[in-house]
Amino acid sequence: EETTTKASAGGSTLEKTTINIGTIPVVDTAPLQIAVEKGLFKAEGLDVKLTTLAGGAEAIPKLKGGDLDVSFGNYVSFFSAAAKGALDLKIVSDGFQSAPKTHTIMVAKDSPIQTVADLKGKTIAVNTKRNISTLLIRVAAKANNFDLDEDKNFVEFPFPEMEGVLKAGTADAIQPVEPFGTFIGQNIGARVVWDTSQGPTADFPIAGYAATSEFVKANPNTVAAFQRAMTKAMELAADRATVVAIIPKYTTIKPEAAASLAIGGFPTTLNATRLQRVADTMHEYGLLTETLNVQDLIAAPSGK
Amino acid sequence: MNRTRVIRGVIGACAVLALAEVVIRLGIIDSEVIPPISVVLLRSVTLAGDPVFLAGVADTVLAWLVGLALAVVVAVVVGVVLGSVPWLSTPSRIVVEFLRPIPSVALIPLAILLFGSDTEMKISLILYAASWPILLNMLYALQDVDPVAKDAMRSFGFGPLAVLWRVSLPSAAPFVATGVRVAAGIGLVVVVSAELLSGGTGGLGVFLINAGSSGGNTDVMLAGAVWAGVLGLIVNALLVRVERGAFRWHFARTERTAR
Amino acid sequence: MSRVETAKPPVPGRQDRPASRAGTAARGFLMGAVSRFWLVIVLIAAWEVATRIIQESYFPPPSEIVVTMYELWFSGPASQLFLTQDALDDFGHSLYNLFGGWILACVAGVAIGVALGLSRKLADYIEPMIHFGRAVPPPTLISFYIAAFQLGTPMQVATIVSGVIWPVLLNTIDGVRTVEQLHLDSAEVFGVRGARRLFWVVIPGAAPKIVAGLRISLGLALILMILSELIGSTVGIGSLLIGAQRSFELTEMWAGIVILGVLGYLLNAVFVAVEKRALRWHLSARGVT
Amino acid sequence: MLEIANLTHTYGSGEKAHRAIDGLELSVAEGELLCIVGPSGCGKSTLLRSIAGLIKPTGGKIEVGGVTVRQTPDNLAVVFQDYSRSLFPWMSVADNVAMPLRRRNMDRTQRMKVAQEALEQVGLPSASGKYPFELSGGMQQRVAIARALAYRPALMLMDEPFGSVDAQTREDLEDLVLQVRRSHQMTIVLITHDIDESVYVGDRVVVLSKAPSRVVGDLRVDLPGPRNQISTRENPEFVRLRAEVGRLVRGVQPAPVL
Amino acid sequence: MLEIANLTHTYGSGEKAHRAIDGLELSVAEGELLCIVGPSGCGKSTLLRSIAGLIKPTGGKIEVGGVTVRQTPDNLAVVFQDYSRSLFPWMSVADNVAMPLRRRNMDRTQRMKVAQEALEQVGLPSASGKYPFELSGGMQQRVAIARALAYRPALMLMDEPFGSVDAQTREDLEDLVLQVRRSHQMTIVLITHDIDESVYVGDRVVVLSKAPSRVVGDLRVDLPGPRNQISTRENPEFVRLRAEVGRLVRGVQPAPVL
């Protein structure tokens, strides 16, 4: 795999033609799948291998250990890892940003909880603690003048189990992402009490693609090729129909169901200022002890 | 004899399944959260025809068997050392007891970091988790060796190693084998859990993550559980077979205990 | 665990030679401590050196881990035995679940194991389901747990029980099936049957193997305690460990790992002490002292 | 008391089958002391285990007190040939002896008293607090005897009960068994290899053939009681019987070894 | 060959201490067959285990062939009193017998041949393929004897080796031991409870006192060899010695039981 083949797709030599990319089977990674499907990587001379991750946190050791060259992951995990010195990483591509209904707080149909304010002291199920989900909810709580404790008010449950969690009353509220939010709403009539993509967290950057600084430095052309492919894919993903069409191909979501999903934004540029918002919010909520300059973590495409 | 056993096992399984079905259908356990067993079973059957699923199972089983085999070797070697080299045994027991309760889950990131490939990582986790039951059963079994048998060996001038090899180990073997069966279960649990918790390129757990990507697919997850159980059952049966062949003397002697 | 299975016969004279002088006693104690702990010391030193050389954030040196542990848990006021509030919360919750789950599993495991060990017929019906059940990974059963148990202690205890019962069960079955035939025969001919036979013959006869199962399960219980806190939990050592892992507080994560090791060691030491009393007949009859 | 009709037992099956007992007929009267002698491996222990209901013979019928043996008959005690393995290593010697008495509706103090008495009778007054592994072979054997005696069964089966004790203790134990039998109306079946012993303690001596074993001799011992180690053994009838049993035993021997 | 000086052994310590042997002195010449008799529990097995280096006596000194015993001396074989536990249950009878021969640089065929011969000598020609648990008590004991004999040790220690076999087999085994001893120049220490046997097989009979045991009698047996079960036992010297040993044994007895 370490062989360096001379492929001249972008006119320059690729240091590495086979790259392993970590991904999660959610709507957020649609552009990556589009890039594979439409042969965008191939066109750049890249042979991409996809590895399924269970969550963002596993990406870090896998990147570090060289298991993955590039990985999808949420910004909160990436920034914590970078700030805590767990991994010297660079964001190589933006991935996904929230939009209405992509990140909601939901409660059961007959729940007494009507507004965010009612969540005070309640237990909320999230996919991963100390991650983007809890951050979004805590910001929402803060806007309603109360605090939620990172440990005490959140419990972890995988997204697929959240429907059951609400039904059984195991937790008071859940924070699903798409497609789970839509399906849970359809299946059990769960109500959205808060859409986190509003106010301070409107169009919030959620996830991107990262590689180790070492990799970025050693393989500038490969990274550039990856970035070119991703940019094209992101552009294609701007067309909702393309996304809806690809989703059933890498998830178990049925085509007709895919059409009803809320789909977030796929930014075509990697913009430090936008991502800085995430870092600052993390700092504000104690997820980072010091401010973090996101500019240092970005390997912006040089070509464009 | 063997037939009645199989028939009884099937009857037992059917009874358990029927009970579970009733419990769920009657809503004693929240029937909205989990699907009835019949649905799960049906799903398990359809899964068996899915080549992606089968490839995942093959990956998992491979890692499992290799990990288990390594665990047996490592545990037996460590057990022999701990059971026979006094100056090393006391101090290393402290280390063993310190390491034993560390959950492999906590070690996943470290294992990911240390072991390049997915499979290696899984194998290392199985090795870590599955060695302990074998090792502990071995230490207890070594303690349980009849001293008169050891004395008999020694009296013919055999040294400690020969006593260990020819008396202690054979007499400990049946109980160590029980440890191996315990370890086999733990190993499967660990490998599928690791796949579910950390993902990867292949395996039953990875298949289940992908299957769960649309939500509302509890039946697939439970069907995965069913297949894990079936795998456990098969391997246990195989191990029992091997045990019965290898320790005929042991089983013949103890056959009458259970009436 | 201090029993040494030596290949040599026991030396009965060794322990009855009284220490003639206090100096000898002190030296003996020191020698004992060294012979016991030298490996630990060597390993920790090696660990420290290795981690300092590789400078890898995932592998902080033990000295730093100890400092973090102190700050996290042991810098509290004297009135709380120097434990911090965090320590009391985390340890208290975790240990409560741990013991609850472990004890339940032991009782259930021994009870079922004895029943299956004694009755071949019953075992034929039930054993396959047991071997099925013990291979099912808990994470695949989350939805079942959600449906059947409440969040918090019930769910966690259920997770622990469902994970640790197997070694107890299997070892008990094995132990009961291999009770010395002549012991059973003796009980039989003297009309010792039913509960008496169970408590006076079968269980003591199977005790060494049952105890091995209990000991394996104690270690496993710690592991499952963590696993149970992984999902659907808000406090506890496992929760902390996972939280630290999620937020890349790697030294804190290691502090969690180390405290588990220490806890495991201590629990085991207590276990062995109790076991030594309970199985004295066995150990001395086997020449293990 | 004990009726054995056409008893047959085969161990294993197929090629490895071994017929240990073949059509054995035997009956023992209430209160009788029957001695069984026979070559090593002929099936004596097998017979005993069948009577005790510990193995299910492959053929024939055993009745104890008029009831067909399916499980272990009530009110029975056995001294096993492999005495050391029959003691419970996790109990003190006194507890070992007292253990069966739990069925006798005695409280702990009574049980301990009876156990201590039995231990004194077999010459182990100070062993009660010890564990079996702390005793010598002969002492363990005597504990096993004490356990059976203390139980005061209606039927006592003894498989070479005095094999590991010295000559003097053996004689004392023989007399002890005779005395207990007299005072408690026990029926006793005693297996021994010592021909003198069989004639000395027995009311009847049965000689078994080599495997598959059948009865080849059944002698009534008409010696005046109570017996006495010196006078009885000097009795001409004793000498005659001893020679007779000896002849019978030798007659069924396999070709001499070597 | 064997020199024991001031041997003392105490089991346990503190209150539970039990002195089994107290200042025992004994020496056995090369090629001698020494019989040890003594009351049950006096310390005979303890003595044997000390000679075999299986326990470390608390005091005194044992030399075998001029070398102080610290571990098991070379070229030694033991027949344990607890013979059934000394056999390895996971090995067939033949393997059990052949096992020690691994130290004799024999290949498997040779070992099996020697084992089969030894089994035939003890009257078990067809037991080789069986497992020990498939044998009767007396047969197991004979396997243990065969194992020791096949090994052809320089020093053989036997702890009540004929306790579980019938009279005829016992005599045959006694003669077998005598014959093997003669043809292979073994030194043998044999513990027995049978006074006749001790005089019949022994060159010398040592009588031990009750615990803590010391030597209370040491008799040279001057009977013409080769011995013969009939003529030797009729020899007046035999009768005299037997009575003498009997008196010695009885003299050291504890108060009679009952």
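We call the chains A, B, C, D and E, going by the order they appear; numbering starts again at 1 in every chain.
Everything below uses one rule, namely that a contact is a pair of C-beta atoms (placed from the backbone, for glycine too) under 8 Å apart; a residue touches a chain by one contact, two chains touch by 3 or more.
Not measured: the values here are computed from a predicted model.
Counting only chains that touch, the fewest steps needed to get from subunit A to subunit E is 2. Chain pairs A-B and A-C differ in how many C-beta pairs are in contact, and the one with more is A-B. In terms of their C-alpha centroids, the spacing between subunit A and subunit B amounts to 36 Å. We define each chain's centre as the mean of its Cα atoms; on that basis subunit A and subunit C are separated by 40 Å. Separation between the centroids of subunit D and subunit E, computed from CA atoms only, is 26 Å.
Spacing of subunit C relative to subunit D, judged by their CA centroids, is 47 angstrom. Across the assembly, subunit B contributes 30, 33-34, 109-110, 113, 151, 154, 196-197, 218, 221, 250, 253 as residues in contact with two or more other chains. Under the contact definition stated at the top, the residues of subunit C that touch 2 or more other chains are 9, 58, 142-143, 146-147, 230, 245, 282, 285.
Multi-chain contact residues of subunit E (touching two or more other chains) are listed as 11-12, 54, 82, 85. Those residues of subunit D whose C-beta lies close enough to touch subunit C in the complex are 49, 52-54, 72, 74-78, 80, 82, 85-91, 99-100, 102-103, 131-133, 147, 151, 157. Considering their complex, residues 11-12, 18, 37-45, 81-82, 84-85, 120-123, 134-139, 142, 159-160, 163-170, 172-173, 175-176, 179, 193-195, 246, 249-250, 253-254, 256-258 of subunit E touch subunit D. Contacts from subunit C toward subunit D in the complex involve residues 180, 182-183, 185-186, 188-192, 196, 200-201, 204-205, 207, 281-282, 284-285. Contact residues on subunit B toward subunit A in their complex (touch as defined above): 30, 32-34, 108-110, 112-118, 196-201, 206, 209-218, 220-221.
If you check the complex, the residues on subunit B that touch subunit C are 4-5, 8-9, 11-13, 15-16, 29-31, 33-34, 82-84, 86-107, 109-110, 113, 129, 132-133, 136-137, 139-145, 147, 151, 154, 159-161, 163-164, 174-175, 178, 181-182, 184-186, 188-190, 192-193, 196-197, 205, 208, 218, 221-222, 224-225, 228-233, 235-237, 250, 253-254, 256-259.
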